[in-house]
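Look for chain A in each of the two complexes below; its partner is chain B in the first and chain C in the second.
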Partner chain A sequence: MPGASKFERLACASNDWIQVMVEGQPVKVRPGDSAAAALLAAGQSAARTSAVSGDPRAPYCLMGICFECLLEIDGVPNVQGCMVQVADGMNIRRQQGAPVLNDSLAAGVPA
Partner chain B sequence: MSAHDVDLAIIGAGPAGMAAAATAAQLGLKTVLLDEQKGPGGQIYRSITQPAPADENILGKDYYHGRSLALALKNTSLDYRPGTSVWALDQDLTLSLSGNGQSQRIRPRRLLIATGAQERPVPFPGWTLPGVMTCGAAQILLKSSALVPTQPLILAGSGPLLLLIAAQLHRAGVAIEAILDTTPPRHYLAALKYLPGALRNLPLLAKGAGLLAELRRAGIRRITGVSELRALAGPDGTLGQVRFRQGKKAQTLSATTLLVHQGVVPNVQLSRSLNLSHDWDQLQQCWRPHTDSWGESSLPGLFVAGDGAGIAGALAAEAFGKLAALQIARQLNVISAQQRDQQSQRARRTLNQQRAIRPFLDALYSPAREFLLPADETLVCRCEEVTAGELRRLARDGCPGPNQAKAFCRAGMGPCQGRMCGLTVSQLMADERQVPNSEIGYYQIRSPIKPLRLGELADSAH
Partner chain C sequence: MQATSHAARTADLCLVGGGLVGLAVGLGLQRNGLKVTILDEGDIALRASRGNFGLVWVQGKGDTLPDYASITRHSARLWPQLAQRLQEGTGIDIELQQRGGLYLCLSEQELSARETLLLQMQQQVGDDYPFQRLDLKQVREFIPQAGPEVAGATWCPEDGHLNPLRLLRALTELFVRQGGQIQNSGRVSRITPLTRGFRLATPQGDWHCDKVVLSAGLGNRELAPQVGLSAPLIPNRGQVLITERVQPFLHYPTGHVRQTGEGTVQIGDSKEDVGFDSGTTTEVMAQIAARATRMFPLLRDLRMVRAWGALRIMTADGYPIYQASTQHPGAYLVTCHSGVTLGALHEGPVADWIATGDLNTNTNTNTNTNSYRFPLEAFHARRFEI
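Right, the complex of A and B next:
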């Protein structure tokens, strides 16, 4: 769901900007942003869909607890977007469909 | 790579970990400080070496106090490794780490877990809708990215951090539609008996009163005695409205962002993975690893300090981190017991003073029952979409505890490994079965406690 961002950028202490791709669109972000923050700044309200019902889910905690921010980053699925800092040219996509928690994400599946 | 000649490994570079690291390194201990974040600061001082907002009034001077702690790290021989996650611990204190796509194991002589707190998950109907996030999440966007939510914005919940973040957003020029205060009115009376302890920390009481006054002066509507909170979807499937009750009156407000908060609870993922002994804290309604007054846990040589050992705030965390480092230096025969006691006097005083106000705050801001024992329709386990009603039914049908429930309904089996539902599942089952929380227990946590690429797992096998 692209659209007007629900988040606005205040005046920043430094004037560094880099460019990333969010859902195929170029977006200017700050080097201190996480991929999840970049997603929100780009106007995407949901990061992924629930693996069970398919309902949209969005970053909830931004500190690595909830796993609602799972994204596909540079082609790698199931990356915790709030724990990854942006890098110039990074390709950020929403996690499409049910996250496959096998070979790409070893944690989270208690034996 | 395997064993290292390390005296002390510290997990977490928040106030507790930073203070411990600086103290230990100054005493000549060979110290490693690990944190999964890209910079020091932990939660309260997140991004302190590069805060995003230009205007320092927004976050306030308590935030910028963190600069001195981060600076102190620089002037030591400390081995500080940002961007490093600890994903497993062994009984012999061996840590498995991963950073920059590589895994490594180190076995220090002493280990300090300073992994802090997480916000208490706030389950209520609609809390999984995009547009609902925690107050802490909004604060992280503010500190690290200078991003603020646009209107209409509603904050809902209870506790000092709710008021602080409301004030910070207001200072940032953000219009707040309303603050829905869910503190049950009877808590004010319940907290009164702890007031004498609170009076030992007048500066903090004054700060709280100051925040309330600031919000009042700003003309922000604060609706008290709120109950039956629920978030409703708009036409696009994201948050559209917030519904609640004040007294007998039901109200609905439009919102695109709802920030929720019900206090913070220790992050017990690592301490649980080692089966350390944990105590149920009735006043704080959470588990905390059992420690002695220096932070040593039930496993000798393993220390826990800061909010991860029980919520007491940033100044307490800083003091506790220092105390743990001094005791570790004592155990490693770097200082005498007398030197330890001398050097710990100020930190001990600070810790006691900061802790003295907790019972008052904890009684006042204890979450309302509806957030501890949510309504049947509420999703408790967000990952596997298990409702409170389902968990109640399992308990009624004789399911003895969270680990068995996991097998029946998959609650706690999703990617968050029970971080979001663990407390609620235990509490629901304890309530339904009418047994104490301490008896019901908690999920068995298994490593890896952090996501790992399979390649990294393979690395660590060598």
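Right, the complex of A and C next:
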């Protein structure tokens, strides 16, 4: 999958590689990469779909402002992928629409 | 680039201030056939219209002034028509929903005080004031996610909410499409009454107009005395929290928490006396969040993405000032808190009064077709004189 990406790396000091999962596929990334960068490196351009229209959205600002890079990371929805550094084995999925708010705390309360 | 010199420009009527209030009045004046120009200070101004909570709220409003309860309810009844006109004229859906709202209380004491207040209001208007006291079980029929600490709520079927930023955009767009001009010409520093009309001084030159309407929010404080009016307005800060988007779960607005059409949860309602400081503080944000999570424990899992502070435009009694200058005929003051709720009143009876002097309107709303007399006298600033 990395071969499908137009995303090109600059030569940089680190020669380490770690592996993360993007949409269930293993992808090699560098420590210090963001989860949004991992997504781009995996050849995926859309990070999420719009909660209103369902249209695809891609990481845009890569600096925490636009909220277009929302991902589900290790099961946590709505994470700004550009603000999170990859970790070995990290599980990255695209955010599909708005997540359902988990009502864990209200559960068990008599209705 | 700053313009250095301009010949004075002219308009039939100038509105000073293009927030929710000025724009709504402007649309109503256009409906009356007037050519309207809005002069607005610009982005550095204090602007409640860009920082509010979006409630079209009826319950509890006007407990000490039945005329205020009356204009609030009348405006709520006029809202569907205005929303429809905005949609048709601009394609913008302002997300108006008027299916009722809840005011959640976290103690029996709070709930009883609230019920007493609404019962008094009901008596004042001879029973025609719809509300209900709900216990927690009944609250959960509306909002299953209400937490165990909720003692109950008061419910009013006339309450609602809308998206205030879409509203601002739709008003602006329709106003401009109908030939209105908006000049971001900086702060109007001086209004000079002339033998006929007024001269308005802005950093980009002077304007001449026959009539002038002051709708400058907190800016009215300095402008009103220049045309023989007074606007003793007090800034009151509210902080608002915005969360990430989640699937709709809150299908009714509450006084403190509501969910927008896009799925974000908006939490607010602090009231702080801090002068002209529109900032945010961790302490107040924490209080707001703590109260909201007691009402809806599931909010604890939710991330906050934004917060802001904005200044309410308050009078000592919280009610609007609607007044024509007797000293300088042709000058009007229109200012209020709750400019979202009262938006349809401003586009309707308030604008009609300014355009024609008539206080009687024939409303043709979904729920009533009676004529309505706008109770102007109650909103004169003489009530603040000692």
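Definition applied: the second predicted complex is superposed on the first by the 94 of 111 C-alpha atoms of A that agree within 3 Å, B and C clash if a C-alpha of one lies under 4 Å from a C-alpha of the other, contacts with A are read in each partner's own complex, and residues count from 1 in each chain.
In this text, a residue touches a chain if its C-beta (ideal position, glycine included) is under 8 Å from a C-beta of that chain, and two chains touch if they have at least 3 such contacts.
None of the values given here were measured: they were computed from a predicted structure.
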Contacts of A:P26 with chain B and chain C, given as first, second, both or neither: neither
First (chain B), second (chain C), both or neither touched by A:A51: both
First (chain B), second (chain C), both or neither touched by A:E8: first
First, second, both or neither for A:N78, with chain B first and chain C second: both
More chain A residues in contact [chain B versus chain C]: B
Partner chain in contact with A:G89 - chain B first, chain C second, else both or neither: neither
First (chain B), second (chain C), both or neither touched by A:C66: first
Chain B and chain C footprints on chain A, overlapping residues: 51-52, 67, 78, 99, 101, 103-106, 109, 111
Touching residues on chain A, where the partner in the complex is chain B: 1, 5-14, 30, 32-34, 37, 40-41, 45-46, 50-53, 55-68, 70, 78-80, 82-83, 85, 99, 101, 103-111
Residue ranges of chain C touching chain A (in the complex, touch as defined): 137, 140, 144-145, 147-148, 244-247, 249, 261-263, 296-303, 305
In the complex, chain B residues that touch chain A: 36, 38, 43, 47, 50-55, 58, 87, 118-119, 121, 128-134, 136-137, 140-142, 144-150, 172-173, 236-238, 256-257, 267, 382-385, 412-417, 419-420, 444-446, 448-454, 456-457
Chain A - residues contacting chain C, complex: 51-52, 67, 78, 97-106, 109, 111
